[in-house]
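So, here's a batch of structures to check.
The two complexes that follow have chain A in common; it is paired with chain B in the first and with chain C in the second.
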Partner chain A sequence: MGQRRKKADVSASSEKRASEADTAASNPTASNPTASNPNRKHSICMVSDFFYPNMGGVESHIYQLSQCLIEKGHKVVIATHAYGRRKGVRYLTNGLKVYYLPLQVMYNQSTATTCFHSLPLLRCVFVREAVTVVHAHSSFSAMAHDALFHAKTMGLNTVFTDHSLFGFADMSSVLTNKLLTVSLCDTDHIVCVSYTSKENTVLRATLDPQIVSVIPNAVDPTDFTPDPSQRRGGRITVVVISRLVYRKGIDLLGGIIPELCLKHPDLHFLIGGEGPKRIVLEEVREKYQLHDRVRLLGALEHRDVRGVLVQGHIFLNTSLTEAFCMAIVEGASCGLQVVSTRVGGIPEVLPEDLISLCDPTVRSLCAGLEAVITQLRSGAVPSPADIHARVRSLYTWRNVAGRTEKVYDRVAGEEVLPLDRRLLRLRQHCGSVAGSIFAFVAVLNFLFLLLLQWLVPDQVMDRAVDASGPRALWGPSQRDHPAEEAGAGAPTAE
Partner chain B sequence: MDNEKYTDINGKAIALNYQRHSSFCTEFTVSSPKVSIGKVMVATCFVWIFAYAVFFFTDNTAVLSSAIIITLIGMMLYIHFVKIDHESLLVIGSLGIQLSSSYASGREHTSFIEMSKIKDIVINEAIYMHQIIYYLCILLRDPADTSAVSSVVPLFQSSKPRLNCLVKVYKSCQEIISKC
Partner chain C sequence: MGPDIAPGPAVPWRKVLWERQPFPDNYVDERFLEELRRNEGIRQYRYWAVVKEAVLVGQQLSCVAIFITLWLYMEQGLLSPEALLWTSLIVGLLGYGLHNALRPQLGSDRKPRTHLADLQSAAIFLSFTFGFSPVLKTLTESVSTDTVYAMSALMLLAHLVSFPYAHPSPTGSLSLNAALFASVCLASRLPGALHTFAMLSCALLMFALWPCLLQSIRDHAPGPSAWLCVGVCLGGVGGLGSRWPGGAVLLALALVSVILLCPLLLVKLQRHKDNIQGPWDEAEIHEDLCKVPY
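Up next is the complex of A and B:
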């Protein structure tokens, strides 16, 4: 399934390249001598509010993707906001540099946006790291949107990765979608994690589907290996690992538990995660006296997840909305039978014989679970090692990084619109009212940039010493292929 | 002595002088630009125009005389406590490091760090105001645990030279420290 998608993606991108070549031929100013070089090394700045020490899917996505891009010889830096006492500049494995910028956090670890206040620091990062591509993550992150806006003001190419699905109907969605339209109107390329997510993003932000690519998430298959010896004999264990929030369908779980526990006396539930809906599960446990059969483990560290997964036979996911469910891939990678709701991008994630899809209702989920339990009892399920062997090749970070690299190659050759054409596009694309307001904000931002450039000119800022990329002073890529690195470093030199 | 041009992080020219007293002892001096007459004029004019505006509405001459006194005292305080003319770093192998800063008024402030307390000298990056800058600092050894760093002493805090100047000082310091 992953293979099929990859092919589709490659053919789509080759089509785009052909059309891009046409536009480049017709527009001589757009032609860039370095654009045609596929071995070009980029200098990438990942921007998101969400990064370690905060835990979650976006955080690990950024980290793993950055590591694989560094392995491919690109230079990667990450900009995020300060977490508590963690401020300033840090280095992670393989010279991955992280800037924890002191920006005020407003809500849910997302910074406040005024469109301006983050410009001085982000400009400093972009200039001193000689960034060529700005890659922003997550539509919940205000800092990511700010960075896209500032990068365009500074004339840099931008990529945006959307990790979540949104609605269209309620007031907050309408507003968020309008902001997303404005923010993505200038972005060169958008990456979504599944086809459902692509459809959603294209509709929400009224984008040209040509500039939206689908690159799924991945799991580290070496972290999630099966170990059937950890399973307790004489019982069937259902594992649920998710944040205990409404979006993850915890109310459904609260309905399933008593029904199935009544029918199957050997059924046990192991629930990992923390959240406001924990109380629902505790009530159910209390009401039906299931203390010995439903274990609530509370918040889990990422490294402990595998230890919980391998204890189970069935992995249950009850999400009500999901762009791409990493948890079910992790579950399948540990050799579990996966039962999940058929929502969002989930049907795309795993081959049909590895997953049982149900409607997001208690009855349908119970029926699905019971079918799997019967199969387990009769032994008509593939062994955990077989499941793992199939899943391990589906989603790898190297594959994700290779496809993201193609996006960068394409974006790096694109022309950044000058201010006048940018304003025109904003007004055409976003409607006359919002378009005019944001055109005004874009002009103010440009003037602010001129002021900053007058106060501290670009040439006064020290260029940072590279810790990754072609001219890295440390890191394994330098030691392994010094000759190749030196050759590849030439085109990126200013 | 070399002719390389050095600037501080705001692009103003600074001068780096170093004297090799012996192979174990080197003194670095970073001199900031002198107080510019333009800056003094702007500050003075600002206070006086404000005082005159207040005088215009209150008709109280005490405002004007206090403005004169404020500018004079302000200028004295500025050159005595704020404006640093040059900062120097005297590295003596096996003995220690002496940091001294001399103010525009001639006042000097000197401190000395013993070599046994010094773990290393490094160049670090920090976020300073709305910029990200490189700075040179001394890492102090934790007396309880010799492998840990107890605190950090930033150097050239007032002149804030750029990376090329810091690298020069860093290399010479490391040469001396590694010998002992």
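Up next is the complex of A and C:
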């Protein structure tokens, strides 16, 4: 996304772009697929193991991005694995079509991978929907990697979004990094959510940094508005919302709570989330008799998060690693003072005056929190409404979609390597051993595709009726006034 | 990205996401990866220092060889149990004296163990071993000799693998138990109950007490202790050579590779080390979080 000169006129122009997209979407004749490159409409298939009804950052990213792309006139379908009894095709808001494919889940909602078994189903989806770009999400998702592999066999362009950071030191990362190298070896473009994440991915998968774009996550500012009236007078409340797991630094939190509670009698902690480290916090609460001052709320629904956030003065994040921390943006959007550890991509997310960055130690975090408490007491902090006003325009899904669209435009013009050059590239890029193994797998995959094409040729496969995109047959009345807030509201289970 | 690259941006690129910058999304600044650190805090190994540590592994291997040699002598009737018992007693008393002489310098803040307690443990161990040696002698009678040998070999291997070479005192429970299990198996194949008793006392001396003594010698005088280990190695090779020359050659080869070749490999391979660290690494918690404030 170039042409961004200054912050002030950027928000204006992004608003304009959004409204242009609105008119384009409302006027079907304007969105002509044969138009020149920048206006080209893509047929995108998002593939990931993680999608609703599972909840999390990747899931909402896929959903919100798809909604904004539909708003821009692209056709979007999502492929994921079946969740319990939810299998087959479902339609979400604005004709977002979701394929819940019957693939076996192995671990942590991720499917097993054999490099082959998902080809028939994914081929069906890609052919029926006339997909031009396959966009896979999350390096934890085996289905995403499978889709990248099959898409290349079928001659489609691919984009991959990486949502997480990995180390290089232990055995499991060595193995997963090698697999990522193979998987991203001929992917056309990669999207990372922060610059740190880009550096990490470039190193892990030995990529050319030119084909890696940084497009941050976004939050819906209308979901996270401040409401100072919810704050309880006479006390200072620190809010923590995260899964209670080791990587979120809950052990640090367990060290901070007694230290600060003893120093500041009006300090209260409100902790939302669930996980194996809950026991640490319960022990601390028991040991120091802090039952009235440390409240553990357990797992929160996404829609309840704002109600908890607005009760606090300070938002505390103790993560030990983080690619892009959505939680701190949500906290700041609700007008809270944010205190966080300086790890991963966090320093890139908020301007220095909206966040206090600390080292990941109990001492540093306590010092940071105390500095903010002192400021709060003296009233030397901006009002929640001011903070919200500054944060609300920083990360919007429309902006993310606009930048992702540019990635698709670029990718769509690229040539897909034919099999012989693909094999050569695998062997050059992934080392002789792994490269040869996966070159062999690629050949088998190609033969399998030929078999499938011989059994049922592409030409005789039914084309699906479009629910989104230029030729959408999905309720035209809905398309006349596209969602005022794209992506507002979670999808309703039909 | 494509057509909309701004012409010659004048502002420098910053590594922030909240500011919209006049650069394409796939822009690569020259500061890309500037926070990457390689091989941070890596240890430089010196060959002879590594050899000095590796000698400890070699001497433990030789200890096992010496134990097997003694057993071979006993089994073939070349060594009487009385002679072994007297030698063990004298060596044990000498070692105890040395250990006591070295002790005061070690732990001054802890309450030292009294001699009475040492005597009590020794009495309990010896009397129980003596009382149970007829039982231990017949313990594996119904098991075939091949099985007993295989089991002993396996257990001695387990002893060597699980031995805590970094801090040999106290001996790790798994390695000590494996060694004693192997000794019981081997001792039960000896001709008499007194043989069994002598063999087991010798095993206790060798696998339980010798590592403790060696550790205190190492703490006290690191130089001579290395030569002591070399002496044990030579003793092991020589002893085994007197009964089984082929085994002695094998042992010598194993010792040379463990003491001289493996350290050489470790030092030579260091230059291939390429450890990368950066801001994406998971932070480590260094503080002792159990330590309570106030």
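What we mean here is this: the second predicted complex is superposed on the first by the 439 of 494 C-alpha atoms of A that agree within 3 Å, B and C clash if a C-alpha of one lies under 4 Å from a C-alpha of the other, contacts with A are read in each partner's own complex, and residues count from 1 in each chain.
Just so we're on the same page, a residue touches a chain if its C-beta (ideal position, glycine included) is under 8 Å from a C-beta of that chain, and two chains touch if they have at least 3 such contacts.
Keep in mind the model is a prediction, meaning the values are calculated, not measured.
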item: Superposition on chain A - do chain B and chain C clash or fit; value: fit
item: First, second, both or neither for A:R427, with chain B first and chain C second; value: neither
item: Contact breadth on chain A, by residue count: chain C or chain B; value: C
item: Chain B versus chain C as contact partner of A:T196, first or second or both or neither; value: second
item: Partner chain in contact with A:L101 - chain B first, chain C second, else both or neither; value: first
item: Touching partner for A:E259 - first (chain B), second (chain C), both, neither; value: second
item: Touching partner for A:D251 - first (chain B), second (chain C), both, neither; value: second
item: Which of chain B and chain C A:R243 touches, first, second, both or neither; value: neither
item: Chain B and chain C, minimum CA distance [Å, superposed model]; value: 37
item: For the chain B and chain A complex, residues of the former touching the latter; value: 7, 9-11, 125-127, 130-134, 162-163
item: Touch list for chain A against partner chain C, complex; value: 1-5, 7, 10, 38, 165-169, 189, 194-197, 199-200, 202-203, 209-216, 247, 249, 251-252, 254-255, 258-259, 262, 287, 320-321, 323-324, 341, 343-345, 347-351, 360-363, 394-395, 403, 406-407, 409-410
item: Touching residues on chain A, where the partner in the complex is chain B; value: 87-89, 99, 101-102, 120-121, 124-125, 128, 456-457, 460-462, 464
item: Chain C - residues contacting chain A, complex; value: 1-6, 15-26, 28, 32-33, 35-36, 275-287, 289, 292-294
